[in-house]
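This is the structure I want to talk about, given as structure tokens.
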Amino acid sequence: MTSLSDNLHLLTPEFALAVLAFLVFAIDLFLPEDRKGYLGWVSIAGLLALIVVSLVMLWGEEESLYDGLLAVDDFALFFKVFFMGMGVFIILTSMDFVEDRLEHRGEFYGLLLFSILGMNLMAQSRELLTAYIALELLSFSLYVLAAYAKDDAKSNESALKYIIVGAVSSAILLYGVSMVYGVLGVTKFEDIAAGLAVASEVSPALWVGVGLILVGLMFKISAVPFHMWAPDVYEGAPYPVTAYLAIGSKAAAFALVLRLAAEGFVPAADRWEQWQIILAVLAALTMLLGNLVALAQKNLKRLMAYSSIGHAGFILAGIAALSLDSDLASNGVMFYLVGYSITNLVVFAALISFFNMTGKETITDLGGLADHQPFLAAALAMGLFSLAGLPIFAGFTMKFYLFTAVANEGFLWLAGLAVFSSLISLYYYLQILRQVYIEPTPASDGGGDLLEDYPALTKRTSLTLLTVLGSGMAGIIWLGIYPKPLIDAIEAASRAVMS
Amino acid sequence: MMNDFDQVALLLLILVPLAGSLMMMFMPGDQSKESWYFAIFVAGISLILSLLVFFRYDYDAGGFQFIRTYEWLPGPLDINLALGIDGISAPLVLLNGVVLFGGVLISQTITHRIRDFFVLLLALSAGVFGTFAVRDLFFLFFFYELAVLPMYLLIGVWGSSTDFGTFLRTKEYGAMKLILFLVAGSILVWIGILALYVEASDNSAATFSLQGLAQLSESGQFDETFQTWVFPLFMVGFGVLAGLWPFHTWSPDGHVAAPTAVSMLHAGVLMKLGAYGIIRVGMFLLPEGAENWMPVLISLGTVNVLYGAVSAMSQNDLKYIIGYSSVSHMGYVLMGIATLDNVGVGGAVLQMVSHGLMTALMFLLVGSVYHRTHTRDITVLNGLASRMPVNTFFFAIAGLASLGLPGLSGFIAEFMVFTGAFRTYLPLAILAVIGAALTAVYILRLLARTFMGEADERWADLTDASPMEMSVGGAFVAIIIFIGVWPAPLMRVINVGVQTIPGV
Amino acid sequence: MQWAWLIPVFCFAAAPVIVIFGKFLPTKGAFLSILAIAGGFVVFWFVFGSWLDADAATKGCFTSANTGMLSCDYERSWFNAGVIGAVGSVSLHWGILIDPLTIAMLGLVTFVALMVQIYSMAYMMGDPRFGWYFAVHSLFAASMLTLVLADNFLLLYVAWELVGICSYLLIGFWHERPAAREAAKKAFIVTRIGDVGLLVGILLIWRDVGSFSMLDAFEAVRTGAMSEGVATASAILLFLGAMGKSAQVPFHVWLPDAMEGPTPVSALIHAATMVIAGVYLVARAFPLFEAYDAVPLLIVAIVGLTTALMAATIALVSTDLKRILAYSTISHLGLMMLSLGAFGYTAAIFHLMAHGFSKALLFLGAGSVLHSTEFQETGEMGGLRKVMPLTAIVFSIGALSLGGIPVLAGFWSKDEILVAVNDNRNAAFIILTLFTALLSALYMGRAMFLVFFGELKDQNSHVHDAPLAMAIPMALLGVLALGFGFITFNWPGSFNGLGDFVFFGHAEEFHFEVWLGAVSIVLAVAAFMFAYLAYAKRSISMEATRSRFSGVLKVIENKYYFDEVYQWVVDKVVLVFSRAVAFFDRAIVNDIIVNGPADITRKFGIALRLHVTGHVYTYTLAMALGTVGLGIFVWVRSV
Amino acid sequence: MVDLVWFQLLSAALFVIGLYGVMARRSAVLIVMSIELMLNAVNINLIAAASHMEGTGSFANFDGQLIAIFIITVAAAEVGLALAIILRMFRNRSTVNVDEIDLMKW
């Protein structure tokens, strides 16, 4: 029996991330108000360094720490790098916004780092309690971030709704944990799998337990009918936080679900087959409802919320298609997560840039954007086309991959429904593009056009956002044209959990 | 040297416009003419490449040529960029090269966001080239969608809205309808592709390679029930883009809204992608399904022919007339395909080329007329012949080709379709012949109203086609006549392609 | 003989050259056109000569089992549909078939076209589209020549359509005039309706025989490989095409309107191209028509007779000179069809040629009149022989010939037709045919006397006779109209008569039914006498007759209301139907079937969004209900 | 020893009461308290289950107690956070009635 501290060095990135977060909080105390922007750069530098460290240190490691509570494997490494990379870009995206519109700038970055730590741990945890703690670390940071515009009633409201619904869902999750524990006496994923596989007839209590755990997690990924918080929170939260919610928190939740399903449920093949259909139905409801309601939205953030619900449905379909036979579905889920995050990042970066200039966030405000800000318009177009699943962008390849996996597991109807939902989504994405490219600049309240009210519209996009947009667009096209390197990495990651 | 070229020819064919499009994105100066020059340059290279590919296609050897496979995503999905063209795609590649070059040349009338226009136009044509040149289901679909996606902006931004009195057709409506329709069609295609993959995977030969799937099909791995329910997905899915009735309404409305060059590519090439898809995917992979569904397809094709022609007869907008005529003419393509007869299918392929040329020419001329008179209403236009004799002449040639006048390309194609249909579906074939006669009614009505008659004094200052339009139009006319008089060079290539279709 | 294809190719080549380079050439390229057709005429003689020298041993030649004539067939691959040799592939050819029928037609077409073109040099002088006129003329002649040379139905159809489009272009030559515009459209569309039948017929034959070659088809009929049903059906369908082109009732309506074109064009259309194509087609496909019980021929005969009679009556009451001639053409085309329908193969071709020369002559003469008087109504003319004697003479020759006055060409050919009808059809036919002949003489006489005899009106005193370029062709045609009839006789030692040259089945001797000839002569002479008295001398007043038959006259003057009926069909049926379909497309297909689901989806989305109430307790309720719902779902599935 | 089922029933009842409170209460503070009730239901369940685990001793498997302690800690933090947010809400809008907190909907 190995000592608990034997392989502690493998957790260096997590420890370092925690230290970095505290460091940011600490430095924040001493920095004068006008220099707090430095903290963003410190965080970025730290994250970049940690990405390098993780890659160098953990490449190919296959270990289980703390008696199997945490995994250090390719799957964890993949998501770690992915989350920290996203963190870098989210920070870059938020810098202008934070500078202009928020107080307590230092803590913003600190909280962001903590949430990343939570996400990393979610991808690593192989045990329910550990997973729960990691989840709460992420959630608490997000509750605070959502409320960050503290004098904005909408921000308050979104945080309040988020925390109430979030806490209820935590309670449900925990109740499920307690039921599973009560029946099986274990909380590790692999033990659960073993317990499920052995039992000839699963007791109703176990059914309820697993079901409630699923419900708790479905809340996080905003699956229907546990999705209602999402539009409100997305709309009320400060813009970069919305982006972060759509990109980071969703990906982390899926990382957790993926590992839980892959290690805890899928090996119990008979049970899993029964649950697949439940997940498939949830996925179908989610993608349909998300995309349908998005048709009726006028606020950009709210629209993106529904859009992200729709996408969650697609990914959930991939989860439902996990199987022992093939890694295709887990590959597809991870590919989709990466592609979706990059694409969403570009869209949000463009929208945030527009918001920084005008403070407007409804669709019609985008009128004539292509005339004032062709680059932003192009980025938006690219991002939205990608979200709609059109080539040569990431959206096409990732959807194709994922839906193929779903169909291949026997869910052709679900894949068909997903493709159909994509068509619905195309309509509202195009409505945005219509404003951007076709409609004229809207008249402002004063009678002139938007340009007179917001001279900033003709200014150049800031360098940080340009970096995000540029690299994001490159990423979108790269994934759309030649995703093989990423797929190779994903295959390694998925082997770690699926075998 | 030439062998080296053969190795990369198709890759270049796709990459040149794609790279041109991407490069142009970063060119400075949205409003400058340089974008146009650059686009001409890119389109010119594409044209040369497509000419080389077409003429270096060895019809004696037949089969797929210029084969090259680039590994893309091996493993369970087995997606590879497999390139290669056969006798069916070779003429279509050439067609796209020609129409693209022509479309770019006459686009000097675009004065607003010039660069963006050509970025999208080139991307679209890269998609078209790609669709014709790949032998992998994933990439076929990839390029197919790529060809569709720029249409929204191309129509939405550079198009025009028209008020028809009783109803209004805005460009936004046209563009949105077009893209939703086409993507809705591709949903069915997508589902069909997934079904094919799953079926192949169940036979433990998971692949997206057209060649691999064709082998599976040949060895009887796809049973008839499977083929019979999957084929209609492709038939309708691709059929939407081919203007299959009753999924055709995007086409006339799209044309009415679209700018000239876009209409040219749209009717000239894009609609052919649909028919091509039915052949390449539906018929090659699902021959039994095709056989079971052909009575339906040929009936719908006949409806297309008659319905399009009858609708066109009472239209007053030039573009509506041509739009409905496209619906009617694509009906011949669908009929030809549905005959499952080597003459009929050959006729369908030839009709694709022929219709591509003549409809592109017509849209070019309508654009030219509209640019000068600012109206497309044939009740307003009158006696343009005396002001623009060259335009009139070209239009007459295009119109006559469209009504199937011998000596012009349309006749050969329609004739072959009839021939094929006579062998297989006699009653429908007779209806189609009647449809051809109806074409004469609306084409002559158009010619008479628009070009003949006493010239109005409003048109006193009108100029004839610009030198650019004249040369492009002249080239189109020359090709139309050439094919009409001596179709053998083209038919040789098409024949070897059609021969390989299973079940024909 | 293999070089016969050069005849049309000269003209085909001339057309584009004139269009493109005409501006830079002297006479705007018109001379090229004339040169080309003259070249064709020269080659024709070589072809004729080599055919006379040929026998069954000559390359490509054989004695046709169907017609018994020495035929020569030469073909060259055009293109293949389907890989050569593969099952179901079709090879298409350019091919020429030279037999006496073709030779006769070649001679007629090249000669008349040449005459008309020379004439046009003067007639069209000064027109802004002079070059274009000659280019289309060339194309027209070329198409017609291809039509008569074609050895397969496909090539025939190609030429057939080209003829149609050229006539469209020439009739609509003065497209600024709405009447010309509409006439051109009408001509094309009406003939196009017949063409549907033609094409369907051709394809039907192909479907049965597997080849487009006429010889193969005829062979199949002869050996019985082609069933009676197919043979009859395809013959009738082919005849539909012929009816369209040859202006048989009810497709005759386009021909009178086609007068809107320049007069030389009318001459060409009526005499040597276009309208005779239909007659030619029936003659060419005669084996199909006469196969089995020859049912199609009976139809041909009936249609021909109806046409002949109906058109003759209309011609009698028309006051427009060109219209009289036009209806006269229709009537004579009807006679030719009747002749074919009565197995009078040789007679039909003979009449076709005789009529061709005479009618060309008449039209050129009429053109000359119109050219200098600028009137078209016969009422505005009269006594013109005093100012334009040459025109008067040649016009009279033409009129007398068509009227059936002995020794002129028309007399002999009409007589042959009467003999054929008498031999092969029943008494009703022959009586009506004789009546038609009477009418024919009557209206020809009427036109001739109204225009050239009687008082010269003052308005026409300045009128001058035709210039040289117009006079020469008229004179040459006049000679032919006078003397062409003599080729029907046996000229021992040199020529055994037309019946020995163009025939179907077996060579025919010239024969003359005395009583029939006598009757027809009497009728013709009487008619001309009457016309002279009524219209030149004005000693017989027509008023009484007119008022007595006013009801009938009204019908005839309104051309039996054909135009009105067609107009009604087009306006009230076709256009209404088309508008209905267009409306259906917009209102039903587009607004309901297409926009409907889109709207429903959007409205559904709008309604559905209300479930997010904004109240946080709803959200937890939904979670709770969702959880319970999941439970029920699982429970139901497991039960 | 009391049968495990009774503990589970107690826990379930408590959980449902808490859930009802979350839905029925209009004051944000009371909602948060109801959530605490739900979390305590979980704790009861866990501890009871742990004490009934089969094994060599009465505390052979003390994971349940462990988890309960974690949950108590996290719940405390959660309440703190929630109250802070409610406070801001009250400052900005002078109400904590969730009926009135519906700026964002649909």
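Note that the chains are named A, B, C and D in the order they appear, and that numbering of residues resets to 1 at the start of each chain.
As a convention for this text, contacts are C-beta pairs under 8 Å (C-beta built on N, C-alpha and C of every residue); 3 or more make two chains touch, one makes a residue touch a chain.
Because the structure is a prediction, the values reported are computed rather than measured.
Both subunit B and subunit C are touched by A. Contact tally for A-C versus C-D: the pair with more C-beta pairs in contact is A-C. As a whole-number value, the distance joining the C-alpha centres of subunit A and subunit C reads 77 Å.
Averaged C-alpha coordinates put the centre of subunit C at 97 Å from the centre of subunit D. Each chain gets one centre point, the mean of its Cα atoms, and the points for subunit B and subunit D are 64 Å apart. For the pair subunit A and subunit D, the distance between mean C-alpha positions equals 26 Å.
Across the assembly, subunit C contributes 609, 612, 614, 616, 620 as residues in contact with two or more other chains. In subunit B, the residues that touch at least two other chains are 180. Across the assembly, subunit D contributes 19, 22, 31, 98, 101, 103-106 as residues in contact with two or more other chains.
Taken together, the chains touch in the following pairs: A-B, A-C, A-D, B-C, C-D. Touching subunit C in their complex are the following residues of subunit D: 19, 22-26, 31, 98-99, 101-106.
The touching residues of subunit C, when paired with subunit B in their complex, are 77-83, 86-90, 154, 157-159, 161-162, 165, 168, 172, 175-176, 178, 181-182, 184-185, 188-189, 192-193, 195-196, 199-200, 203-204, 206-207, 574-575, 577-579, 581-582, 585-586, 589-590, 593-594, 598. Residue ranges on subunit B touching subunit A, taken from their complex, read 18, 25, 30, 72-73, 75-77, 113, 116, 123, 127, 138, 141-143, 145-146, 148-149, 152-153, 156-157, 171-172, 176, 179-180, 183-184, 187, 190-191, 194-195, 197-198, 201, 206. Across the interface of their complex, subunit C is touched by residues 160-161, 164-165, 168-169, 172, 207-208, 211-212, 214-215, 219, 224-226, 228-229, 231-232, 274, 277-278, 281-282, 289, 292-297, 424, 427 of subunit A.
Within the complex, the subunit A residues that touch subunit D are 129, 132-133, 136, 140, 143-144, 147, 150-154, 156-161, 163-164, 167-168, 170-172, 174-175, 177-179, 181-182, 185-187, 205, 231-232, 235-236, 296, 302.
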